[in-house]
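Each chain gets a letter, A, B and C, in the order it is written, and its residues are counted from 1.
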Amino acid sequence: MNNVMTFRHTVPGWLRQAASIAVILCIVLAIWSVAATLANPAPSDPEPGWLPANWWNDRPILPSPPQVAVATWNGLFGYPVSSPRSLIFHAGVTLEAALAGFALATIIGIALATAIVHSRLLDKGLLPWVIVSQSIPVLATAPMIVVVLGNAGFTGLLPKAVISASLAFFPVTIGMCKGLRAAGSAQIELLHTYNASGSQIFRKLRWPAAIPYLFPALKVAMALAITGAIVGELPTGAQAGLGARLLIASYNGLMLLMWATLVVASLTAGLSVGVLTLIERALPRFRASQ
Amino acid sequence: MQTISPAPNSAPKHVNAVIESRPASTAAPHSSVVSVNGVAVSYPSAHGIFQALSNVSLDVARGEFISLIGPSGCGKTTLLRLIADLAQPTSGELRVNGGTPNQARTDRSYGYVFQSPALYPWRTAISNVMLPLEIIGLSPTERQQRAAGALAAVGLTEAAGRYPWQLSGGMQQRVSIARALSLQPDLLLMDEPFGALDEITRDKLNLHLTDLWRERNLTVIFVTHSIPEAVFLSTRVVAMSANPGRISRVIECPFPQRRTLDLRNTKQFLDVSQEVRDALSDAYADE
Amino acid sequence: MKRLAGIVAVVAGIAALAIVGIAPPAALVLSAVCAVGGFYALAGLAEIESRPAVVLTPALFAVLVLFLWEVLTRGFAIPMILLPSPGIIGAAFWQMLPELLQDVRQTVLYAAIPGFLIGTSLGLLAGALVDRSPFLQQGLLPLSNFASVIPIVGVAPIMIMWFGFGGESKAAVVILITFFPAFVNMVAGLGQASRIERDLMTSYAATYWQTMRKLRLPAALPFLFAALKINASLSLIGAIVAEFFGTPVHGIGFRISAEIGHLALDHVWAAILIAALVGSISYALLAAAERSVTFWHPSQLSGRTRPRP
């Protein structure tokens, strides 16, 4: 008991967390390594080395950790960034569409939430549908959006951005509806005693009170926007983007390319959301009163 | 942390039928319901070692009503938690009913009433009172009987089927007292149970509690912030001070067992209250 | 006044629908009248706080939007390749229903539900295990946050290589997608019981399982239902998107990509409609179950009785 307490109080929190993450990652790597050893047949001409020979099978069933690391590294840095074999190039294409969709979703979401908190009609008539639509597989419309916009003459970035936005605006809308209503009635009444106008109440109270709700919603939206962009690249026969890369790998049975693409997709999403987290932290600290 | 150490052969688990009167100091240690001997609690904090309790000793005889009172940080709740085996001392020794606090807890020989009612919102009042009886594995009929009895003892028979969120704060705290009584303990540990209630409700519950204490011959250890409450209820008031948490004075309240609210207007009551106030103002002077 | 506007709107709307095939410009004018009157009347309805009004407002709102969609697509003769009218979609839905139900069986029964059940159970189990180790909890929560960000549907091609084109590979994708929400919510839910509520159990010398059953699991229920609701929609999305990578000749995702290939937009909309129906019905069932089980939670009590202090 006393030893535990001493440990808790003397080791800083971030270090304990880092240790915990390291332990978990080691466990995952160990399980993965064992599975890779068991799953893959040995290659016909094993190269000598200190790692198990079947970790370097050219057509692995489950690629081994170093194999995936090498494939990812080559995909990222083995080719010039402009090459269609470079995963940086494809990640850039996907990220561009995702960011466009994210921006669109943020604008639409905030505008819609502002309208909803100011209009009883939209609050009672529209908001229930926005909430219901969370249980609907909106992503299923992705192929249709690509084709319809293609028929209307829009190809490339725009259809993907629209798909991203159609996924990502829900969390922004709902988060901002909550946020814009987070200001307490006492705070609103205080401004009423100053005879403040509606737009003053919005700027001085509702909007700043909503910021703590905005960022968690934006982070969810960003993750959805990237998923949306990737799925948006599936049905088009698109040549560029992580989704297109994934589909090509799928058609040709290129297991290593799939894994490398997935790792890059995860890194892209993680970094984008990470940037948002950094921005959130850089903003002045005040928390939702929940 | 919660290993059960073997019971010393000399100390009986329960001291039955010995209804002793005060003062506790004359009683032999093993016949005390609670005996605390040179107990200290310290733990490392951001500002070095924090002394929550230092060299605390206290004997509580059967049938006593002890109030612990003092500034925040004086360790009164910690002391109560030590007795209940919800926390462990760094050094020193505690005995409850002659055994370790852990034995007392596993024997369910005390009832604990927390600062907040801590009723489970998914259970009705009577079902909350039955909770400890389910834990100890009583039969459904026995549970029902005992819980109904405990609710009747706090005057809440009508509210049995209601959910906690349908009860007022005072009623919720009475349910939580009924829950502690349902185990039919001889020892009741209460941590500021009426702290969040308004004055009038508090008076009523104080009156109720002193009746329960007398009629059931309970031993009560009661943490409070209120001097009148402590003096009204107690046989002895233990004034504590902080940094380090320690007992600064023990004040006798020589009133008859049967107490009514009129007691608070007597000169004797006011004198004792003043004595406690003086003891505490010394404690608060440290701050 | 607002009642009158509503009546005018209904009359104008019916008239617009009646003549849209004969005289499109007149129908468009009438529909404008209907829209103005309709939204004005609805704004009045939205002010009312009664139970029927709360249900009726969004329902009529949707009717009005569908009406405008119908009249505008027909009045402006918008090509079906861009946006079919609700009437055409409805007809296609009705005519394709037997096929669509087969698709639902493939996607929901063979992929979404098994994946949901396995993934959610594994997540809950893992959450309960990790709950016993505060050390692992510290690391797993940030890692799960990271996992919630990554586009997991991307594993679909890998699962297809491992498990083939059938429902198994889709179920595998769904397992991976549903694991983390269940896990995170289980850990958070088990942390819901307060210190005092736990101390109470300790003072009774309750065992680990007694504390679990009597306190911590009931206290976690609101979080567990949140996980179930998230996972219900995630499992449907996962199963459908995984089908975009290849399926046998059934499934909602397969239907959508196949009909898109034929440019049969009405059929695509019909498939989306059935997916939306499945999604909202499962959500409604879970929400109803949640209300009956977590009736005591402040979020369910608002307005009925006062919340617990």
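Points worth noting:
Just so it is clear, contacts are C-beta pairs under 8 Å (C-beta built on N, C-alpha and C of every residue); 3 or more make two chains touch, one makes a residue touch a chain.
Keep in mind that what you see is a predicted model, and the values were worked out from it rather than measured.
Here A-C and B-C were compared by C-beta pairs in contact; the pair with more is A-C.
Taking the mean Cα position of each chain as its centre, B sits at the greatest distance from chain C.
A straight line joining the Cα centres of chain B and chain C is 51 Å long. Centre-to-centre separation between chain A and chain C, using Cα means, comes to 20 Å. Only residues 81, 84-86, 105-106, 108, 110, 112, 114-116, 118, 120-122, 131-132, 134-136, 163-166, 169, 172, 183, 196 of chain B touch chain C when the two sit together in their complex. Listing the residues of chain C that touch chain A in their complex gives 39, 42-43, 45-47, 53-54, 57-58, 60-62, 81-83, 135-140, 142-143, 146, 148-151, 153-158, 160-162, 229, 232-233, 236-237, 240-241, 244-246, 252-253, 256-257, 260, 263, 265, 268-269, 271-272, 275-276, 279-280, 282-283. Across the interface of their complex, chain B is touched by residues 194, 196-197, 199-206, 210, 214-215, 218-219, 294-297, 301, 305-309 of chain C.
Taken together, the chain A residues at the contact with chain C in this complex read 16-25, 61, 119-121, 123-126, 128-129, 132, 134-144, 147-148, 151-152, 219, 222-223, 226-227, 230-231, 234-235, 242-243, 246-247, 249-250, 253, 255, 258-259, 261-262, 265-266, 269-270, 273.
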